[in-house]
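The chains carry the letters A, B and C, assigned in the order they are written, with residues numbered from 1 in each.
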Amino acid sequence: MKASLPWIGAIAAVIGLPFVFSGGAALSVMSLMGFAIIFALSYNVLLGQTGLLSFGHAVYYGLGGFVTAHALNLIAASKFPLPLPLVPLIGGIAGLAFAVPLGWVTTKRAGTAFSMISLGIGELVAACSLILRGFFGGEGGISTSRTSILQLFGFSFGPQLQVYYLIGSWCLICIALMYAFTRTPLGRICNAVRDNPERAEFIGYSTHQVRFLAFCIAGFFAGIAGGLAAIHYEIVTSGVVGAGPSGFVLLMTFIGGVGHFIGPILGAILMTAMQASLSDFTGAWLFYMGMLFIVMVMFAPTGFAGLLLMHGQLASAAAWRRLLPAYLLAIPALLALLAGVVLVVETAHHLLVKSAEGMTMQWFGITYEADAARTWVALLALLLVAIFAARKVFPIVGNAWNEARLVH
Amino acid sequence: MKNLLRSALAGVAFLAAAFGAQAQIKIAYVDPLSGLQSAVGEHGLKQLQFAIETVNAKGGVLGGQKLEVVGYDNKGTPQESLVQVQKAIDAGIRYITQGNGSGAAIAISDFVSKYNERNPGKEVLYFNYAAVDPSLTNDKCSYWHFRWDANSDIKMAALTNYIKTKSAIKKVYIIGQDYAFGQSVRKAAREMLGQKRPDIQIVGDELHPLAKITDFSPYIAKIKASGADSVITGNWGSDMALLLKAAADAGLQADWYTYYAGGAGAPTAVRQTGLDHRVFQISEWHTNVIAPEMEAFEEAFLKKYGGPNGQRWWYLRLKNQIDMFTNAINQAKSAEPKAVAAVLHNMRHKNALGVEIFMRPTDHSVFQDMYISSLGSGTKYDEEKTGWGWKTVGVIPAADTVIPTTCQMKAPT
Amino acid sequence: MLELVIFSSLNGILYGMLLFLLASGLTLIFSMMGVLNFAHASFYMLGAYFGYQISRYVGYWPGLVIAPVLVGLVGALVERYGLRAVHKHGHVAELLFTFGLAFIIEEGVQMIWGKLAVDYRVPELLNFPAFTLFETTYPAFKLFMLLMSVATFLALLSLLTKTRVGLIIQAALSHPHTVGTLGHNVPLVFMMVFGVGCGLAALAGVIAGPALVTQPAMAASLGPILFVVVVVGGLGSLAGAFVASLAIGLIQTFAVAVNVSIADVIGLVGLKVDSNAFAGDLWNATVAQVAPVIPYLLLVLVLILRPHGLMGNRDS
């Protein structure tokens, strides 16, 4: 019963969220999160499960999207009786079809060579996307309409709410399938190949074949994600096979946490929300994303999932009692650090980029001039004090953790 | 006491109603506001803001309603544009404007058509001020899309009309970026030159990958080998700058007929090459087309939004767009998109140069005078503090820029 | 025709030498630490921008020395406080760290110098045509670029093979632990090599900045090609990087001059392949149109057929 709790919670969340966030833009962002989750999970089949760092995974996502768009147009034109809910499967099969030949070649090598081949293939396909105008549609891309095919039970999938539920259902199905995959013998051997390829060979498994199978499965699910994206946007452009989405899925998966199954899910939700809304608040949002990435790599390489699950392992209330005082001490230092960094970045951004709007800025209720010398002295002093405080406080938190782990 | 309360409540209700009626008419500006293309996107936003402030200062529309522009960052991609347009619609905005990138433009136009079809009574209009893909007013046209920039075929028609008069041009080389725009420039150039000047020899025709070439000297070598005296190109951005640089380095003696030599950063590149009055552009206006109303408007913009680099007003078509929009609202006596669209559909307008421009009802393209100008020394206003500015060498009247369209748009009932 | 061949060769060698300047630093860093520095092209861009800023105060020539030194210092600091902390988390984490670093440098450059290209000018001393062949001039600055690249290569070669420091570095390339037991400060060597590698990239930036446009996109445009060069040449081999850079430089420059497509070749036999055929666009694309894609094709082929690269000796 306890094991099925997260699943019930997930199903309830998917069904219930539109009642909490009912605006059109909110539904749109939640739909984005839906297929971002599938994409990130498929990427983690490669990275977290099999230890393969790919820089060109968007190829299968994008190609799945293109084939789905073409298929939708063909189905509409020939009036083939296939309802929309089954269409993402076409994207998955397309992703699989491309993953088979390209994956066979790519997985011949491992480690850095694998990453470089995936980068090369990604660049190849991205460059071809502007040359092969028939398939990729040139700069305008391929448009399609999700309401133009067979409609069952009166669902036209015109309104965003219906599309959200379609994406949400597929998301749940794919999460279940990929989780099941991690429990299969093949899934476990992928872990073995990741941890010690030589030993896996010794017990009789061809590391090339295992990696190839993992690659195909990752390609299949990436294709499904691409198909859902094509249905959501009703347009697919050549940018979806390029370095942008490839880099973004890496960001999502790593920040969420590669070592845990729910890591990519968390990462996808967080990064999609950030990308959709952070740009409303600050023009320097790309800079913040880069900094977040570096901070995670340096200090929390297990990702947010790792951080959360670390807390989940604390045995009892006594352990928490060891930890909480240290956290309470750390919070002001952390907030000061965050405020210091944000203020420095925002003021610098305002000074350098938005100088035409005048130098007056207002943060936390205080008005100041971005180009005044005393502003910068104050900001840098704040930052230094915050860093100093953080350096004093973090070892205390570390010690509290060590003690907490020893408590039973 | 009861009377006082009652009158106070009545006063508050009256004020609330008055402010409600004064609700702002909002326009969403969906263009790149971060990342590499943001320099162009941000400058466009400033121009839009200034145009609207000017209208509001004169009393707004419909006897007092103000206009407001809200910026949405589409990060340059079509998919993100759709996310932002949905956000704008959710915020109650019914007018979308965009221009940087035909990919995003086609996605937005498609989305707006589908949205209006699925949500009658909540229509949204899309004003396109710079995306020049001809398909937007041909096979992908829509009643809800209006374009204020001459599409690339119209520009080529105007350019070839000018070339028709220049008998010194004998050998032309066409070079462009390998994507929809570059291909349509090449196709239109070949067709129209063939019709208007069959004696001109097209000695070369080249498409290079978009934004990937760092060294254009092999291409310049080919142009030289062909003996061309003129080059036609639609290149923009770094492709334009590097191409011209390579030409200057190799000492290529040819005239350059371009679409975007006026774009951000390009005049600086031209100045570096030293090609004085040999680089031409086709545009609906440039800073040295002097007219009193426009000059005063430009000076006011430069003072308020010019910034440390003294960036001047770029898009006469943005001013045309806002002027025609406000006139349409006043004429329709309503800010409802459907009513405004009905007026814009076949509107004629006298622009800030005192010249009449018109919206063709068949495909919602605006036709206006086109200017051929060359960049060089000795002009009243210069570009990007280089000391070089644009000088008109030819004007093609609006009527001579009209080309047929395949658009079969259906006006709503 | 001869004119085309001569100029294409010159330009190809020039482009190849520029790539080598960048690839040499990257190879050294990779051989030393096993980490492929994703941010290498970003240091190249930083060098160009620093050179530009210096040129605005004291002219171009001081920038040739100051910018690489400054960027080298930045690189050393990044290694000491960034990479070293991430080293314990494994190669993937190091790669990702440099990936995030590339991001931040690009954003930082855009914030400070703006998003448009900056006016980094060729110094007056070199702003003349060096020679004229068949009515086409060749700028003196490009010859200077060529000379600087060759000189740097020779200096690097003699440093690595003829000096004590070079010997220690070569030893640490293959046996870092043994070198450590001999009493040499291996972390310091690592820091120096990373700094010098970044300094080399910055030197390439100062040299190439005036010739190519100095803009925030310059890192992203050269970055992937750089990896192709390093991997095709063989991870860890300086000589391989040299051969690969020249090869790719020449191939790309010559490919642009070729206006033949597969359809043309098939046409010689009498068959016609038009654009509406299956993958018609591909058969009709000329070699010139696909020129920038050729290095990636080469990368994939080499990695399949000769996994260690042309002259490499290390696997992953």
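In this section, a contact is a pair of C-beta atoms (placed from the backbone, for glycine too) under 8 Å apart; a residue touches a chain by one contact, two chains touch by 3 or more.
Just so you know, these numbers come straight off a predicted model, no measurement behind them.
Averaging Cα coordinates per chain and for the whole protein, the chain whose average falls nearest the overall one is A.
The most distant chain from chain A is B, comparing centres defined as mean Cα coordinates.
Remark: chain A and chain C have CA centroids separated by 31 Å (rounded to whole angstrom). If you average the CA atoms of chain B and of chain C, the two centres end up 38 Å from each other.
Multi-chain contact residues, meaning those touching two or more other chains, occur in chain A at positions 127, 131, 133, 286. Counting only residues that touch two or more partner chains, chain B has 35, 38, 178, 209, 212. Those residues of chain C in touch with two or more other chains are numbered 114, 289-290, 292-293. Note for the complex: chain C touches chain A at residues 36, 82, 85-86, 89, 91-93, 95-97, 99-101, 103-104, 107-108, 111-112, 114, 224, 227-228, 231, 235, 275-276, 279-282, 285, 289-290, 292-293, 296-297, 299-300, 303-304, 307, 315-316. Interface residues of chain A, counted against chain C in their complex, comprise 53, 105, 108-113, 115-117, 119-121, 123-124, 127-128, 131-134, 247, 250, 254, 284, 286-287, 289-291, 293-294, 297-298, 301, 348-349, 352-353.
Looking at the complex, you find that chain C touches chain B at residues 3-4, 7-8, 11, 15, 110, 114-117, 119, 121, 129, 132, 135-139, 142, 211-213, 215-217, 221-222, 253-254, 256-257, 288-293.
Considering their complex, residues 35-39, 178, 206-209, 211-215, 217-219, 221-222, 224-225, 238, 241-242, 245, 249-251, 264-265, 268-269, 272 of chain B touch chain C. Across the interface of their complex, chain B is touched by residues 23-25, 28-29, 32, 127, 130-131, 133, 138-141, 143, 145, 147, 158-160, 229, 233-235, 237, 239-240, 244, 276, 279-280, 283, 285-286, 355-356 of chain A.
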